[in-house]
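One structure, as structure tokens, below. Some questions next.
Each chain gets a letter, A, B, C and D, in the order it is written, and its residues are counted from 1.
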Amino acid sequence: MSHTVRDGQKLIARVRRLKGQLEGIERALEAQKPCAEILRQLASARGALSGLTAEVMEGHLHEHVLHAETEAERRQGSEELLEVIRTYMK
Amino acid sequence: MSHTVRDGQKLIARVRRLKGQLEGIERALEAQKPCAEILRQLASARGALSGLTAEVMEGHLHEHVLHAETEAERRQGSEELLEVIRTYMK
Amino acid sequence: MSHTVRDGQKLIARVRRLKGQLEGIERALEAQKPCAEILRQLASARGALSGLTAEVMEGHLHEHVLHAETEAERRQGSEELLEVIRTYMK
Amino acid sequence: MSHTVRDGQKLIARVRRLKGQLEGIERALEAQKPCAEILRQLASARGALSGLTAEVMEGHLHEHVLHAETEAERRQGSEELLEVIRTYMK
């Protein structure tokens, strides 16, 4: 399933960029940079994390719901997606 | 499709309760109630709106993805769900 | 305090518009409109509720923190604002 | 300002823990762990990032609004806080 592996590589690259953003926040805190700047970096990290999460949700919907191999897998994939949606909609 | 109609009734009842909460906020603003109280009412309305939205998303996933009648409908239902997810994950 | 009253009128007008949006959602549910349309209306209501909440938070910060009459009032106003922030950042 | 430095140390420790969570997500993606597990780890990272952000906002409110040294600093600190609030309430 090279399709999945390629997607995985893209996701891993996104996680690494996000880690880089957190390292920037760590350095900004160590250098006692202004709060306002740190708050902007945190907002940007949140955007990156949300985008990454939306991409994993999209992949999950494609792989485990839309292209599920059995009805049981499709039901389980849907249930897992709903669990995530409920977490974010609280 | 009595199943859908019954679900529809439940959702309509939730929308009406939420409208009632907004009327409470309107009255609180008119009576110049303390901000802190109004902010708590707003947070509670947000929770109600999120819960309602999660329920509509769940219904959509069940009806238009899980129990879609054709593959085309299932693909469209998924695409619509993703559009919503992306909106909330920004 | 005509300033506050005028702001109050603006906020009441926003709550009423939001109530109008919910009535639209109620009618859409009654007419069994497509889920995708209802989900878009719900997302729009959420945006309106968030904007309204941000405006009340802004008013609270101005009135009860920035222009608090005593240090005690300022401390209390800050504590109330933090309570709200923590609710939304969960 | 040892108070600030101590708070800074606590915040740095939180950023490092969050980086550790992201490393866990990176490993889970590399090991092609189930999506549902990765989605749970992402939700947990979001909670950690939100908690960290709320703490920085709290520190900002204390230092640059509540205990601002001048009225000008207090106004600026408030404006910066509102900018962040508006970002999160969109």
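The definition used in the following text is that a residue touches a chain if its C-beta (ideal position, glycine included) is under 8 Å from a C-beta of that chain, and two chains touch if they have at least 3 such contacts.
It should be emphasised that the depicted structure is a prediction, and the values quoted were computed from it without experimental measurement.
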{"item": "Third chains touching both chain C and chain B", "value": "none"}
{"item": "Chain A-chain B separation of Cα centroids, rounded to whole Å", "value": "23"}
{"item": "Inter-centroid spacing, chain D versus chain B (mean Cα positions, whole Å)", "value": "28"}
{"item": "Whole-Å gap separating chain A and chain D, where each centre is the average of the chain's CA atoms", "value": "17"}
{"item": "Numbers and ranges of chain C residues touching at least 2 other chains", "value": "50, 53, 57, 88, 90"}
{"item": "Chain-level touch network, classified as line, ring, star, complete or other", "value": "ring"}
{"item": "Touch list for chain D against partner chain A, complex", "value": "4-5, 8, 11-12, 15-16, 18-19, 22-23, 25-26, 29-30, 32, 35-36, 38-40, 42-43, 45-46, 49-50, 52-53, 56-57, 59-60, 63-64, 80, 83-84, 87-88"}
{"item": "Complex contact set, residues of chain D against chain C", "value": "47, 50-51, 53-54, 57-58, 61-62, 65-66, 74-75, 78, 81-82, 85-86, 88-90"}
